[in-house]
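You will see chain A twice below: alongside chain B first, and alongside chain C after that.
Up next is the complex of A and B:
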């Protein structure tokens, strides 16, 4: 944990998000946007597809953000952002950052094709997936980002999710992007630093933000940051960066990872899991952690 | 300057002369030459535009909309399955008031796979809020692209330029290529009343409650209603500069005719030859080619058709379980008029089957010999 203490980046005071938004109590996604914009600054245009944030921003004629928003179709976060980038370039604005801001459904599932297209073209956008691990805006249906073992309204307790979470980072890394990072709302300095870094890089940048959802995870709103921190400390959601598709850097070296059970037990969506099932999940987490360490040369 | 070019290249030249700034497109037969030529134009600097080579038509339209909202003049082209894949984004374009101009090559919908002409692709998008122009010559295609940008950008409503697969897309005709400076005079740079910019941040297309939604749609319809007059106005302005008038419909011997064909696309061109032949035989035939299909040119159609006793509507399309779509539209336009003709509906040419002069002879014979529309649909050239 020594590196964590060494972080000296301060979080900018500027706010680009007002308090009058429509997020639920303890919403990780709203905290994620607040922090991301502190890193990107006001010269940002955001494309938001169907996701919680399509609602959080506030209904017409209101908006809780001080930056322009294009509410785009569900599967078009990346393609809309590519278009905005090209349009801005043609009208002479090469300075503004174009941010695509989608949930896990819009990224792992329905928007994956458009995202892959933009990534292959290396279009100059910052694509962020705020991951709350299910279709929360429509009422907690499973997505391919839902972790193994989780309850959702389409994976009921009797038949909880049996499939692993899709390896979105692996998919994006295979595109050889100039910058990929994971970030967590429990590590705001790291997160702001990554968005600021992404702003200065050209090409497609992909940032995967872990965003707990009390309503969907059946957790206490006050536990959002705690859960996000536990996800990192257990190795379930490690903080790392991949530059130019090959240089992996672990940003937070967790020396003694906490058992995954500590993370799971705070969430009602895992309440049905038996000990042997938790052991299996622990093995999955361990295997992925080892793989990431290896990629980081550790 | 005159050039012999294919219909697809007429679209490309139209986009080039209109100084399109962003093009996002995905290839589909028979549209490919449109984007191939535009890629070349972008590559060699003839056209100063960003060309986004997207991975699907859905993304093509999505990217066009993002670019349009950022304030750039935007063009794309597609056909059939590609247009159908865009469907969601077509609503987005019109609902979001983004004046993209798109060429659509009329191609029959699969299955079975067909690359040949019919109109079911574009007519399936009738209710998405797009202006639709149907063309019958390459010159008309080129001129209409330029006019469409003007109309679209004035009203912030997207336009679709429709031309038949192969019969126009791949047919070479002599086309007068307008001079750039004259086109620039006709079509000034795109300067939208709103755009995505951090200097004046707004949220576009957010959650809209029942308290507000209906007014957006009301305004779209009200602006759609302005299109016919604007097409006339810009058509006359275009004529002054280039000597070619671009209207809502094309009349051919409709005055005092005993039978008027209502047609569209290249079949509307063939109809003129058929009219000449019928007139040589002493039959007073005429042709009313619908060019502007959405919004429907009610006034023009009513004015012309209320003066004739019989009308034969030719559809290269079908609304299954109902009629040909132009037939529905014409009947709807004439309903309740003080003087309404007897209107017959014919379906021909689906999936690229040829519509020939003989088809029109058959249609004329049927219509002239009947005193009421006995059949819901009269099929022409079908193997029963």
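Up next is the complex of A and C:
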């Protein structure tokens, strides 16, 4: 290729995450943090409850992020962030963004009460849930974000998960938040754009990030981005935003959705599924997709 | 960041040396994660179209842009193979690590 051609840079070059962190190979969560901070910038404080990122960041007295991190208890991501925000307001700092960065366990299950409280008070924080669909840090236990049909260590193959994934976006939309978005690590430009947009909005902002986990999903580490992309292209994890609790926008209009089987077959946690069970999952995905299209007015 | 990042592990001789509050004093750069690797990515720059996709997707921030070319930082690359998988030119090969 020609030597004169410039490198295509579509997202900010600044790195706020240093290498040497403790994430597994091909970790979707570490990629999510890297992209999120590219959108939020240097003036950010992160509150991290017990989750994979509490480990990835590194042991005391080291940290792999170039911004301040506050490690808090499992259920308090949102309330700690509210507290940090209140402290910053007291010293007159309105510029700094407070980011609560919790996993799906800390958002869907354990932290839901604190999150709902912060959302009700409309505290000025960015709450991000990076969703790897189980308690990966403690050994792949089922969470309420685990999708139907999935294997985890607490839902073994014979008794795989029969319940649906909790509709966290629906719950947050019911709170009427100023900004809600879903983002995927496979679409970095979209993700950085959403975090940048969230930074400029005041009030509680909720971003649901899809972060594949090779260790827990029993997938190949190199497939992380492919899985995240397939999740969007199959309609399993659509990319959309909700402004002021009512204006829905679909960011990526998938014309021809791929069959969900393509996404499922790359993961060992769905290996036990039979043809008719995959058909059932396909129907669920279709129903959810139709609902989101309807909400977006399409 | 004003202070230069050092790849040094911080240790304390006694508890008196420790800070009053548990706070971070240095970066994780001392942790040379390249040792985790079994296979390593090698970029064939003659076929590289400088799309920046490998740099964009590296979960370990281990691909640097040096003189407008992607360069893999083998000190920290964990060898996940994401860059090789995502490269549209397929010009990144995963080769066995010699040890």
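In this section, the second predicted complex is superposed on the first by the 289 of 298 C-alpha atoms of A that agree within 3 Å, B and C clash if a C-alpha of one lies under 4 Å from a C-alpha of the other, contacts with A are read in each partner's own complex, and residues count from 1 in each chain.
Keep this in mind: contacts are C-beta pairs under 8 Å (C-beta built on N, C-alpha and C of every residue); 3 or more make two chains touch, one makes a residue touch a chain.
Since this is a predicted model, take the numbers as computed values, not measurements.
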| item | value |
| --- | --- |
| First (chain B), second (chain C), both or neither touched by A:47 | first |
| Partner chain(s) touched by A:244 [first = chain B, second = chain C, both, neither] | neither |
| Chain B versus chain C as contact partner of A:60, first or second or both or neither | both |
| Contacts of A:20 with chain B and chain C, given as first, second, both or neither | second |
| Contacts of A:283 with chain B and chain C, given as first, second, both or neither | neither |
| Which of chain B and chain C A:138 touches, first, second, both or neither | neither |
| Touched partner set for A:153, first chain B, second chain C, both or neither | neither |
| Contacts of A:83 with chain B and chain C, given as first, second, both or neither | first |
| Contacts of A:69 with chain B and chain C, given as first, second, both or neither | both |
| Chain A residues contacted in one complex by chain B, in the other by chain C | 42, 57-58, 60-63, 66, 69 |
| Sites on chain A touched by chain C in the complex | 1, 5-11, 13, 15, 17-23, 25-28, 30-31, 34, 42, 57-58, 60-64, 66, 69, 185, 188, 214, 220-226 |
| Partner chain A, residues of chain C touching it in the complex | 1, 5, 7, 9-10, 18-19, 22-33, 36, 46-52, 56-62, 65, 68-70, 73, 75-76, 78-82, 84-86 |
| Footprint of chain A on chain B - complex, ascending | 21-22, 24, 49-50, 52-56, 58-60, 62-72, 74, 88-89, 92, 195-198, 200-209, 212 |
| Residues of chain A defined as touching chain B within the complex | 42-45, 47, 54-55, 57-63, 65-73, 75-76, 78-91, 93, 96, 113-114, 116-117, 120-121, 123 |
